[in-house]
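You will see two complexes here that share chain A, one where it goes with chain B and one where it goes with chain C.
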Partner chain A sequence: MSSDILTSARLRLPGRLRSAYIPVLATAGLLAAMFVAGGVRYEGFASGQVVLNVFIDNAFLLVVAVGMTFVILTGGIDLSVGAVVALSTMVSASLMTDHGWPPLLVVPLVLLIGSVLGLAMGCIIHYFEIQPFIVTLAGMFLARGLCYVIGTESISITDPDYTAVAQARIALPGEMSVSVSVLIAVAVAGAAAYVLHYTRLGRNVYAIGGSEQSALLMGLPVARTKIAVYTISGFCSALGGVLFSLYTLSGYGLNALGMELDAIAAVVIGGTLLTGGSGYLAGTVLGVLVLGLIQTIISFEGTLSSWWTKIFIGLLLFAFILLQRLISARRA
Partner chain B sequence: MTALVRHRLFWPAAVLVLLLAANVAFTPGFLSIEMKDGHLYGSLIDIFRFGAPLILVAIGMTLVIATGGIDLSVGSVVAISGALACLHISGLPDQNDVGGVLAAVGLALGLALVLGAWNGFLVAGVGIQPIIATLIIMVAGRGLAQLITDGQIVTVNSDSYKLIGGGYWLTLPFGILIVLAVLALTAFLTRRLALGLLVESIGGNATASRLAGIRSRGLTVAVYAFCALCAGIAGLMISSNVSSADGNNAGLWIELDAILAVVIGGTSLMGGRFSLGGTVLGALVIQTLTTTIYSIGIPPETTLLFKALVVTVVCLVQSSAFREKVFQRRGRRRPAAPRATDDEKVEVPA
Partner chain C sequence: MAPPAPILQMSGICKEFPGVKALSGVDFRLLPGEVHALMGENGAGKSTLIKVLTGVYAIDGGRITLEGEDVAFTGPLQSQQAGISTVYQEVNLCANLSVAENIFIGREPRRLGRIQWKRMRRRATELLAGLDLDIDVSAPLSSYSLAVQQMVAIARAVDISARVLILDEPTSSLDSGEVEQLFRVMRRLKAEGIAILFVSHFLDQIYEISDRMTILRNGSLVGEYLTSELGQVELVGKMIGRELADLEKLEDRPPARTSEPLVEAEALGRGGAIEPFTLTVHKGEVVGLAGLLGSGRTEIARLLFGADHASTGALRIDGEPVTLRTPRLAMNRGIAFCSENRRAEGLVPDLTVRENIVLALQAMRGWSRPIPRRTQDELVDKYVAALNIRPADPDQLVRNLSGGNQQKVLLARWLILEPRLLILDEPTRGIDVGAKAEIQRLVAELSDGGMAVLFVSAELEEVLRLSHKVAVLRDRRLVAELPNDDGLTTGVIMETIASGGRS
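Coming up: the complex of A and B.
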């Protein structure tokens, strides 16, 4: 009888592994299919630079989505990310242009503001047991409100060092190039993947997402971990804001309106369950690339209006949510 | 006194009274209501009138949240319903034709119902988490609204359509009457019939309620459809008030305001119990806050800061964990405070 259990366990293991990978593999397959379809349909699409441009245009979204992945893996949600991105661009632009601060001072300050905001939200969520949805919603209002207090107009960044970094292109073989933002975003994604999959903090994040009650009973540091993920998300949003200001070279209170939706969509399309406890960082990276490639295809098509982007993203969300549902139903 | 402070609606009502008092202090004639050309005018009427769409959406949202769900798609439904109605009316030979306007209203509300039923089907039929299931229409719906209006702002010039959001009837703004009608109907259906109890039982435990013989699936679909219908009516009101439909900006963030209104009104996001009166109070708090900011002369760009402050304060004083940690004495008197939420789920407020 025990051998029966053993064999069935052995038989089930690969299946379970595979079913956890299916959403990520599906996203990767979709990405490849979109790229091939684009290459067949449009001239000049199938080049390395087009792929790199997707990275360049979405570096900030990638960083924000990485932070969001941490929060969603614990079963929470962070609606404040778009507003924090806007606040970061606004603070950077105002300090550098209006007050002449050096970027080396501004960037750490901005990152600190984002992290402190995340830390505060995490503390309120954990210690006062208020739903993350409401707390981060208040955080979103606060950050957007602060933007408008700083200024209602768009402020352009003219600092010579900052613009030099923004315009710098790192040459790659084959006449391709990337911006500094891409390097930062890839480094952040790499570091986050390491933390999630190879450190104690990462295991705790998955454990809390699986069942907070069990994690608490197992003696895991639930309070520290939950506050940490919101701090990470705040930090990533602030860093995303820095990258956004590098991309647009301006600060504006209406920047990144609705970016929280894009970030959540990227995480879901990447195969992470919104209930928490299941998902991979690689999926999030693929999700961001899928969103970016949709925009690229629509701009290549030329005749399609911008709102088709939203409709396509909605359809994709539906398809992937259905896929996840089918997999989890089969597993159960 | 303690009984009064402990009452569910004490804190939202206190905030509302505080806001109104602040208004009276700054603008002495704030509470006065006068009659001009057979219409009632006054700041209080304006709060109701401009808050009407939010109250409507929040009523629908309350029922959805009572089932343990959430509906993020209402903002998009607001935009779609306004866009469809305006598009239909702008194509009429005579824009004042009552039949044509009624057809447009029916068309828009019909589509809203379909979208709501789709949300309900995803939640109850397929078993997707509500927050994601409604995220689909939230994202795709904005695109759909822009597709309907072709990315333009559709303007109409119809007096009959203007009545819905900007007109008067029986000396009151027509929008207020619609809200009163929907509120009365909802209150009757949920509190005089067993429907409200059934909805709360789904929020308490969907499986248990199904085993107890409640058709939880059908009821869930109906609740989402009702929420979308409310959003559809709100969309008609908003677009009729400005005689145009803007697929991009109509109803933007109204879902967040509506959820806030529900939470401020004391309905738990976990589901299982709800308070329509609280929701109306919550929506009025939000609308009064906006009005206050304009009338006191605080720069409008800081509206969001004040909103953040009020939301945080209201949520904190409602959180039993917060009260226990800050007012230590009360915490010691009731050592089993965390359980209080579970007990409250059972009670059915009238």
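Coming up: the complex of A and C.
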């Protein structure tokens, strides 16, 4: 018996490797193709700084998408992220500009608010067994509403330390530079990848996405893990909000409208299954870059309106969801 | 020699679900170094007892002691930490993770919080080698067969340094070689002093492996016996609470039917599913379909029910040519189909017994003409009683019923339509011996009443006992049609399958 199993396993091996990595490889291939096409078509496109600008313009989205990856890997969804980003910008701007609080106090407070919001939603989702969609939808309205309690107008941030950090550019070799936000975003992505692959929390996330029932019966801390992913997502949204306020130097209740959908799109284009249990953080990073590069290409094109971004993202999403379907059908 | 002190003792265990008394006053003990079989029909309370023991359910009464100390588990994690590991009927692992992870998740080898993947894979390989299994542990679990997944589950349970190992129907999806391998592993663990609680519907396996057995019936304890002191017939009698006379009654072969044909299939076939076949089912006749899994049994059933479309041939009902484009047309012609996969294709688990039973009748009438509540109640009460559905409560959710009773609900749904041809696809799979006998008796009665039955089953004895004639399938081809006379035995059928009907 064992020899039969051994041979069948060997026969299946190449297919297995391919099917696990296909979505990520497809995204990487797409990204490379877009970059090459852009380089051929537009002058000045094929430079390192263009890529870095994609990072600079999308650092906040990357951080938010990292949190979303955790949630989606467990098979859940978090619709509140965009609103939490807006709330974070609003709280930061209001406290610093209107009340004169120092950034060193404001930033930790904002991160705490986001985490607590996520924690609360996670607890409701788990202990009351309510669909994440509904709970985070409620969280979205709550956070968006709180923005207008603080103020209905846009508040600009004038704190000298904060603006200094926002405008700082870290020079890289080859006359390239990045913002502080990019460093933070890359560090977050790296830390998240480590957590997902090398810690028990990360593996429990995958296990719950595979089968929550099994995870429970295997004695895994399902409650703690599920609450943790929403807390992580809340934290990442708040951090995303801080980066967003660094990017725009203002706080506004209408900031980041629909960003939750961009984050979900990035995660899905990055190859993570919406049903959970399968996907890589590297895919999410690539997904964010693909979204960012579409915008860059459209701005290089010049004549195309910005809604073409949405059209391309829509088409890409269809393509990737179909790809996932094909892969999971072949697995079955 | 006095038996060693029990490692696990449960006494006076009570558990109640809304409307169902699942366990009442059950005692159970487990000695170290023995294989203890937990016996009972479907719905007797075996699964509930196991779930109570592992902390999935809280108990309503009674006490559990592990090594002399009172315990009350609030979840599988706790019971696992106390040394009780369970391998469930359906493999409860995460198919998306690798084999190695499935064995070690929750207790991965770590250094400074970082999981050591290499060490984990090496240890998993060693562990599985101990169970004579040599596979790539970094491959996802989903790439292996159910038998291998089962072994992985056992490897996980054993490695959690279990003192008590619960195997809930681990053999139901294994072939005989795999069962032997499992038993070798079980004997080794037993020799190491682990107490094993074993549940299986296969009596031969129970007698081969177990030392002692506890029998449950209807949520109550019947008794504890040494396997060597209790004969198989006595055991079955104790499980079903009556003698095997019901089964014996059917031993006489059914008399041949000489009525007019009801359904005639002529060279009916469907490309890729079933080669063209010719089969006639007479009124009041039971036709058995025998053949291996995947030989085309279900495909024939689906063609006759209009669930699939025939690509060749013709079908006549009452001598009149018909084309069954949809199941609905087949239902209008008096054909009913009880599917093989009762959970996925038949029952709605969150509806009550009554709602499930009247579903097909309601569909026939159309939604604009609801069935009056009184008619519903009459019909449902009649069939709940006729089929002996337990608990006899039409408002119980089907989800809460045992497998055998769910099967009966599905049968009742089709029987109230009073079909002329009833197609039963594996109606007795996975249900216990008592419910099986009841369903078999029912088939015989229905056929005596003039209903034609197409009976699909993997159990040749059963096919032989019930059928007037047996159609044998092999490799998606109907290879022989054998009248059920004195010359027909399971041996003959098996030979026909093996030889492809050439002789």
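Basically, the second predicted complex is superposed on the first by the 330 of 332 C-alpha atoms of A that agree within 3 Å, B and C clash if a C-alpha of one lies under 4 Å from a C-alpha of the other, contacts with A are read in each partner's own complex, and residues count from 1 in each chain.
Operating definition for what follows: a residue touches a chain if its C-beta (ideal position, glycine included) is under 8 Å from a C-beta of that chain, and two chains touch if they have at least 3 such contacts.
Keep in mind it's a predicted model, so treat the numbers as computed, not measured.
Undergrad: Could you look at A:Arg41 and tell me whether it touches chain B, chain C, both or neither (first, second, both, neither)?
TA: The answer is neither, since A:Arg41 touches no partner chain.
Undergrad: Touch check for A:Pro221: first (chain B), second (chain C), both, or neither?
TA: A:Pro221 contacts chain C only, not chain B.
Undergrad: Which holds for A:Gly145: it touches chain B only (first), chain C only (second), both, or neither?
TA: In the superposition, A:Gly145 contacts chain B only.
Undergrad: Should A:Ala207 be classified as contacting the first partner (chain B), the second (chain C), both, or neither?
TA: After superposing on A, A:Ala207 lies in contact with chain C but is clear of chain B.
Undergrad: Using the superposition on chain A described above, determine whether A:Tyr127 touches chain B (first), chain C (second), both, or neither.
TA: Only chain B is touched by A:Tyr127; chain C is not.
Undergrad: Report for A:Arg169: first if it touches chain B alone, second if chain C alone, otherwise both or neither.
TA: In the superposed model, A:Arg169 contacts neither chain B nor chain C.
Undergrad: For A:Tyr198, select first, second, both or neither according to whether it touches chain B, chain C, the two together, or no partner.
TA: second
Undergrad: Answer with first, second, both or neither: which of chain B and chain C does A:Leu274 touch in the superposed model?
TA: first
Undergrad: Of the two partners chain B and chain C, indicate the one touching more residues belonging to chain A.
TA: B
Undergrad: Can you give me the overlap between the chain B contact set and the chain C contact set on chain A?
TA: Common to the two interfaces on chain A: nothing.
Undergrad: Quick one: which bits of chain B touch chain A in the complex? Just the residue numbers, please.
TA: 70, 126-129, 131-133, 135-144, 146-147, 151, 247, 256, 259-260, 263, 269, 301-308, 311-312, 315-316, 319-322, 325
Undergrad: In their complex, what parts of chain C are in touch with chain A?
TA: For this pair, the touching residues of chain C are 56, 75-77, 80-81, 86, 88, 92-97, 101, 105-106, 108, 110, 113-115, 132-136, 139-140, 142-145, 148, 156, 177-178, 181.
Undergrad: Can you check the complex and tell me which residues of chain A touch chain B?
TA: The touching residues are 77, 79, 124, 127-131, 133-135, 137-142, 144-146, 148-149, 152, 253, 261, 264-265, 268, 274-275, 305-311, 313-315, 317-318, 321-322, 325, 329.
Undergrad: Enumerate the contact residues on chain A facing chain C in the complex.
TA: Per the touch definition, chain A meets chain C at residues 1-3, 5-6, 8-10, 12-13, 16, 20, 197-200, 203-204, 206-207, 209-211, 213-221, 277-278, 331.
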